[in-house]
Amino acid sequence: MSGILDLALANLISPIILSFALGMAAAVARSDLSVPEAVAKGMSIYLLFSIGFKGGASVADHGLDARLVGTLIAGLALSAGLPFVAFALLRTITRLGVTDAAAVAAHYGSISIVTFVAATSVLQGAGLTAEGYMVAVAAVMEAPAILSALWLIQRKGGGSEEMDGALWREILLNGSIVLLVGAFLIGALTGQEGLERIAPFIVAPFQGVLCLFLLDMGLVAGRGLRDSRGHLGGGTLAFGLMMPPIGAAFGLIAALLLGLSAGGATLLMVLAASASYIAVPAAMRVALPEANPSIYLTLSLGVTFPFNLTLGIPLYVAVASAVVGG
Amino acid sequence: MSGILDLALANLISPIILSFALGMAAAVARSDLSVPEAVAKGMSIYLLFSIGFKGGASVADHGLDARLVGTLIAGLALSAGLPFVAFALLRTITRLGVTDAAAVAAHYGSISIVTFVAATSVLQGAGLTAEGYMVAVAAVMEAPAILSALWLIQRKGGGSEEMDGALWREILLNGSIVLLVGAFLIGALTGQEGLERIAPFIVAPFQGVLCLFLLDMGLVAGRGLRDSRGHLGGGTLAFGLMMPPIGAAFGLIAALLLGLSAGGATLLMVLAASASYIAVPAAMRVALPEANPSIYLTLSLGVTFPFNLTLGIPLYVAVASAVVGG
Amino acid sequence: MSGILDLALANLISPIILSFALGMAAAVARSDLSVPEAVAKGMSIYLLFSIGFKGGASVADHGLDARLVGTLIAGLALSAGLPFVAFALLRTITRLGVTDAAAVAAHYGSISIVTFVAATSVLQGAGLTAEGYMVAVAAVMEAPAILSALWLIQRKGGGSEEMDGALWREILLNGSIVLLVGAFLIGALTGQEGLERIAPFIVAPFQGVLCLFLLDMGLVAGRGLRDSRGHLGGGTLAFGLMMPPIGAAFGLIAALLLGLSAGGATLLMVLAASASYIAVPAAMRVALPEANPSIYLTLSLGVTFPFNLTLGIPLYVAVASAVVGG
Amino acid sequence: MQTHDAKRVEIIIEAPMERRLSGALMRAGVTGFTILPVLGGSGRSGQWSREGQVGRAGGMVCVTCIVRPERLDTLLDAAFSVVERHIGVVSITDCQVLRAERF
Amino acid sequence: MQTHDAKRVEIIIEAPMERRLSGALMRAGVTGFTILPVLGGSGRSGQWSREGQVGRAGGMVCVTCIVRPERLDTLLDAAFSVVERHIGVVSITDCQVLRAERF
Amino acid sequence: MQTHDAKRVEIIIEAPMERRLSGALMRAGVTGFTILPVLGGSGRSGQWSREGQVGRAGGMVCVTCIVRPERLDTLLDAAFSVVERHIGVVSITDCQVLRAERF
């Protein structure tokens, strides 16, 4: 128990969390501090490339694990299934309509890659390693949740734009998925040798870039919270804090069934627990324009993301270590 | 004496000064070389975060110095007092009206953080260390000068926009102050351990980023000089070269009274000698729209900044070392 | 022979080529992956500064080579002369008119600095070193080709905007030339000592930045190819693949006459073989607005650039090593 | 200088919808348009700014089309089919153009 | 397609004044506007460009508001109270809008 | 509020030509204009977007000038001398301005 607390505390006073907190505080205080959009996008490209490449290089190094295919399928199932759990919970404890509830549900089936990245950095600090292919699992979990949400809407009689080919293409080939999978393949092809050539770029400064990126995330999340004060009811807020551990529990069960390492189990929990705030919102604006963006964005970025970053990740590490025995 | 010359020469042929000179030359020759605004802003975020964090980590390491509070107060006093000196000098040797003179004076009471950053890097080259909290002093010196300038205007009968709460908030919570102070606190909280985690990002490449940043500063300063040729009278120009050593002298006196190290004395001189070109101009556009921006911007960025960068800093280092005995 | 194949293969599965391929694939698949323009420009500033500085520092280190002047003259001659070769070839094997053929020819006399940068990184991998002043040669080769092309047009009766002073200034002082030459001079002035101060910025992460930059180049080249499908005839395409080895042959002859090292010979071949896609297109839009940009851009960036990057460079390395005996 | 009557249509629309809008315009035979970036704005769905935007998904762009008056209705129909269920603003101004053969 | 008369007001103003302008508009009940970035320009106070700007403090932005004709004066009063002592340009154009209920 | 008639000219032109255009405007005595960035567009020479642009050489910008009606022809002549052989679009709208002494 004190192990969890220590881990949580160490996590809370790490430079990356404090950078996030600084951003949030600056936004809430209405400071004009801001990171240019292009720079924020540049950093996210850096993080995706780096995390993908390192995952691929690690797969090249350790060889393919028999569990790879199973874990990919588990990821697909979690992403497709969790929206139903989220939807049921939302319809029970909040007053959201079908459309808004389905839109929120789509976000919680999908994943937040920055939460994933932060978790790998906590794992590293805790001396745990994870299966390299977990980044591929992250990639496959981005999209299926959207399909489930649209199916939910159709069945419940809400109106959604028809799910045309253009939208499918946009979702499946969205920039982050392509970059993550592409970098993973490059890492897998060039292996340890390739990694060494670019390690001074993608490994050494990684934590520092993550700090500045989280500073910006804090700014964005803080502004969102500030502007939407009052828009979120208590039930909705509670959902944003309850759904992550519920998702994580499903992730843990899958990890145990698959026999993942403690590190791998943590990451699967993190993926299940986290909520999308890039790919899914963009898809929702096209497919479900009637859903209110300030609800799903504030929940996912303003409530669930900070929760996972500060308390969630250490909790999942502790639970995974205790249960799997890292 | 030859020590000063050596130092000045070593400073002049360092990559950072030459990068600045390259930018100036390119601008004057009307090359289309330019650094995208977003990238320049990204680099300044990097520099502020890095310098703040390192200051904080150094305070965490060396413990709190009894002089901290005294130095903060001295910084406040310098920032609030120097505008009066500058105003008197301007009204004596130039033909600027009350409004323009007050606007210029506000810039010279405030500080240029890039000059400060360049000075820390010269100190490092000279093997001197400074009190880590000097970055906090830099932060408190940004704003008071603005108040003095507005007070001057009101007393002299010039008209200025009323100094409303919104403007105060903007000045005190402007991005650079918040980032500098925030990073300082993060550094102080996470200490040496935090620094080690992100050192490959904020320490190792620092000098190189500073080169590119000064390249851009040179471009901007050069364009400003080019476009304002003829706008600045001889007296105004002379002010831009005389005020820095005068400010530095006040800084030195304060440093001696406080008993700062030679490094700390240099930095306090640099802060007093340097002139703002980001926070104060923005505040002036709102509060003193009648003041001519091309006067204060050209003076501060086109005259004083290059002077400090090339000759001022080595001079201050030499004087501080001689007087304090570094 | 197997040496060439090994080299080509090692080149093909290096992270930088695979990053380029990833970008191309993403663009062809119409993914919305994109690198913000400001970030791409920031990376190109980084690459130019870094390559220029390292060249200068290497000249400072090894002393001035008697061949420097000769090589600069050879570069000028290649840049001015190759457009005539290209023009003759284009008029023979394609159906392009005088204006379009001359515009394309200008691109092939000029150079692609990214191809040059990629080649230095392949040389490094192969353990070859080159004369540091080759970056200065690259700089002088940017512009003369434009003059040849405009002369060709005038003689052949095509109409071109008069070549006014403003255009000359724009071409000779364009950002990349100024930055490359400026950084070279800074490197030469500050030498090994200056290099050491900023090596963690300009040396260590270089390969990694190059990966992300080539990812963007791949995206841009891929989009260009995608959008111009059908616009390029077979003859034009053939030209884009034939001209690089022809240019390289001229480069090799010059290198042999000058007595360059195998590394230097490779780089001169690469410069002669590569085609501009930044400076020359911008000049053509001003001076030859009637020339169709999609022809010269697609050829240079969509055909010749990938060819050189994947097959050309290893070929030139192998030939230069065999002939010069590196 | 010889000028010709034309209509200038300005459509402010969510960035993720931009590809659909340009597709619809092309299909309706409107092949000339220009897209400007938007920094921020305010409307019935609240205030937003590019940098302060939650998730940065929902930025907007401003698409300007200049057409001959007789093509206005085709253009509006095409544009409306896309913006119909989405937030955004469509405005039309009378204008004059040089080089009418280009439109 | 059914269109309605409206007024399109374009205000070019210094970036540091933008928050004040949007505040004044909101207070005057003008809740719909769009802000475009400006790259550079020229006027009585000289030529400037975003990248070549000394200090980058003084960039400008372009704020566009579309309002019903009867709200024009309220809008102009609000805008003028902010730009009065500052540099900047205010222009008004007649236009037509779709979906008038949005304005 | 007192307004005055004016003309609003909008010129969409290739970025490498922008310096020439502003030079020509200045020489013709048109010292007030504003330059907006352009993200992308489509025309007879095809579709392009700033990020997807081959070589990024050929982006465009949008130059807006507001002038007194009697200066319109001078402006159009100056602008036309630059855009004549180049791609680009020139449109003119009637507008009203505040603070006419500024134009």
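In order of appearance the chains are A, B, C, D, E and F, and numbering begins at 1 in each one.
The criterion applied here is as follows: contacts are C-beta pairs under 8 Å (C-beta built on N, C-alpha and C of every residue); 3 or more make two chains touch, one makes a residue touch a chain.
All values reported here derive from a predicted model rather than from experimental measurement.
Participant: By that same contact rule, can you tell me which chains touch chain D and chain E alike?
Facilitator: Looking at chain E and chain D together, the chains touching each of them are F.
Participant: Work out which chains are contact partners of both chain A and chain D.
Facilitator: none
Participant: Using the touch rule from the top, work out which pair, C-F or A-C, shares more C-beta pairs.
Facilitator: Counting C-beta pairs in contact, A-C comes out ahead.
Participant: Based on CA centres, what chain would you say lies at the far end from chain A?
Facilitator: F
Participant: Would you kindly say which chain has the C-alpha centre located farthest from the C-alpha centre of chain D?
Facilitator: The chain lying farthest from chain D is B.
Participant: Over half of interface residue numbers shared between chain D and chain F means same, under half means different, so which is it?
Facilitator: The interface is built from different residue numbers on each side, given that under half of them are used by both copies.
Participant: For chain A versus chain B, what separation do you get between their C-alpha means, in angstrom?
Facilitator: The computed centroid separation for chain A versus chain B comes out at 41 Å.
Participant: So, what's the distance in Å between the C-alpha centres of chain E and chain B?
Facilitator: Whole-Å distance between the two chain centres: 34.
Participant: For chain B and chain D, let me know how many angstrom lie between their CA-based centres, rounded off.
Facilitator: 45
Participant: What are the residues of chain E that contact at least two other chains?
Facilitator: Correct list: 36-37, 47, 93-94.
Participant: At which residue positions does chain B touch at least two other chains?
Facilitator: Each of 34-39, 42, 170, 200, 204-205 in chain B touches at least two other chains.
Participant: Per the touch rule above, enumerate the chain pairs that touch, sorted by label.
Facilitator: Every pair of chains meeting the touch criterion: A-B, A-C, A-D, B-C, B-E, C-F, D-E, D-F, E-F.
Participant: In their complex, what parts of chain A are in touch with chain C?
Facilitator: Interface residues on the chain A side: 36-39, 41-42, 45-46, 49, 53, 169-170, 173-175, 178-179, 182-183, 185-186, 189-190, 194, 197-198, 200-202, 204-205.
Participant: What residues of chain C sit close enough to touch chain F in their complex?
Facilitator: Residues in contact with chain F: 27, 34-37, 40-41, 161, 166, 170, 219-221, 223-224, 227, 277-278, 281-283, 285-286, 289-290, 293-294, 297-298, 300-302.
Participant: Any idea which chain A residues touch chain B in the complex?
Facilitator: For this pair, the touching residues of chain A are 13-15, 18-19, 22, 25-26, 29-39, 42, 200, 204-209, 211-212, 215.
Participant: Help me check something: in the complex, which residues belonging to chain F touch chain C?
Facilitator: 14, 16-17, 19-20, 23, 45-47, 50-58, 85-87
Participant: Which bits of chain E are touching chain F when the two form their complex?
Facilitator: Residues 12, 36-44, 47, 49, 60, 62, 73, 76-77, 80, 89-94 of chain E touch chain F in their complex.
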